[in-house]
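Structure record follows, encoded as structure tokens.
Every chain is named by a letter (A, B, C and D) in the order it is written, and numbering of its residues begins at 1.
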């Protein structure tokens, strides 16, 4: 079963910049997802870096680009890495548009590059969810599968499962 | 949906001992799974440490203890952490005995305590598999779901997906 | 030989805050220096947390507080952790005021909590410098000892040794 | 001031081998010291990999090779990475033979590759000691400078400073 991972950025892919002391996207042609897959000894997914942006910058133009990538992909099992800030909006934008494909949104609260991140755990779950769930749009966060219509971030708690 | 994690040890739970320069189980009353769940911001699974042993030491007496724990657990969604060396034997021992429960074996090739481990990725996948798969016994390794009868470690490659 | 470590904060002691996605001082009563010493298996220095501030906030009022702590300390070998942004100003403020004491300023370009930091390397050097150098004020950064009057950060390169 | 680092191996340079579950020297043409220097933003020392062996395998033939490297080096400030098991014997072998050079032995109780290692802290200290101490042979461990004749590992405690 083939799995495609569409990269859109978000906290998962940010790195610490020593000069500005802020989190940035260092190299927009690479993704920390490569590190996660290498550590996870998971070598079969195809990666496609669609964009590397903070999810707060994501507009419907970007969401349409994601949807186009889903619809034109030869794979029917798709994971999307996405910032947590607007994961809800993207889940709802995509919902009902994915046809017979299984689409899993995931991301991280702490960048993979900083260690002690939730990125590896979340991506491990998303890749399994993409292969085991029926067609539809879901998020995988906090060890839970959440249907598109129920995706909501409690920004105070930094969680999707409350 | 409740999830139970039964801990049996394996490489996932080992730590480096500076005196002997070997990998040991430091504290048999604790598990590195707690660290993985904390990093993964996943706080709902119940943990039960059944044993902390190398899977090469695992006999059918241990396997029966695992089976008893599965059968008497109130939860029907169960993840078992297990050494990779005899995961195949345990998967086949449990297969057909789990009744209406979904049982997922997982583990790691590199201890969680050493960093750059596959443990977080694998456990993230196993917890999702436990909630999305029908009753039966499976392994989750290398980002793949493997049915009990097909679980086999290529010891040369250190993989379950070839 | 006794060594005192005066903590003033700086990047070394910052942690990533998932809510604001910025670096903060999480617990002003603790210091990441404790982690560095534990990893370094170095258990004899006395720690004193003077403040936990970004060095860009440091004024001469803070510098006087540091100087008072140096002058009243029973130890004559003193390490000061400090942000890199104004380490030059503090080195020059203290220079000539430390009497017969050896005072070593050090810090980090990347927080200790984020991994792959220079903090452990720098502090290891500063503690040795405090014991081996004659009385005076110095910085230890980039594996170099720098006299107070020569301390200068090349902010573009993020270095003190050019 | 030029600094030469002679690599001889030891725990510092070992990596975890997933197949044998033991610590090995993976690539004898490379050293984890390169990682430590990169993290420490210290780019000037010259590295020379003399050997990559466990210090328990070290014989006087190896020690003579180290001594030859010290005596023929153009640098007079030299750090030697060495296993902790026989650091005492090598320190005493070299003592009195280094002429007008400052020679610092250092190593680690936990491999640099496993994280939470003392390697970065120790090497940071050794590099400063090489530049600040008069000619002679010393070890730097546990944040302490130890003269060659006093180097002794308490194997029970895993320390050099008791």
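A few comments on the model shown:
Simple rule for what comes next: a residue touches a chain if its C-beta (ideal position, glycine included) is under 8 Å from a C-beta of that chain, and two chains touch if they have at least 3 such contacts.
If you're wondering where the values come from, they're calculated on a predicted model, not measured in any experiment.
Shared contact partners of chain A and chain C, listed by label: none present.
With contact taken as defined at the outset, there is no chain that touches chain A as well as chain B.
The greatest centre-to-centre gap from chain C, using C-alpha centroids, is found for B. The geometric centre of chain B is 39 Å away from that of chain D, both derived from CA atoms. A separation of 26 Å divides the Cα centre of chain C from that of chain D. Taking the mean of the C-alpha atoms as each chain's centre, chain B and chain C sit 44 Å apart. In chain A, the positions touching at least two other chains are 109, 115, 158. Judged by the touch criterion defined above, the protein chains form a single closed ring in which each chain touches exactly two others. Contacts between chains, counted with the stated touch criterion, involve the pairs A-B, A-C, B-D, C-D. Partner chain D is touched in their complex by these residues of chain B: 11, 14, 16, 18-19, 21-23, 109-111, 113-115, 155-156, 158. Note for the complex: chain B touches chain A at residues 3, 36-37, 39-45, 109, 115-118, 120-129, 131-133, 140-145, 158-159, 161.
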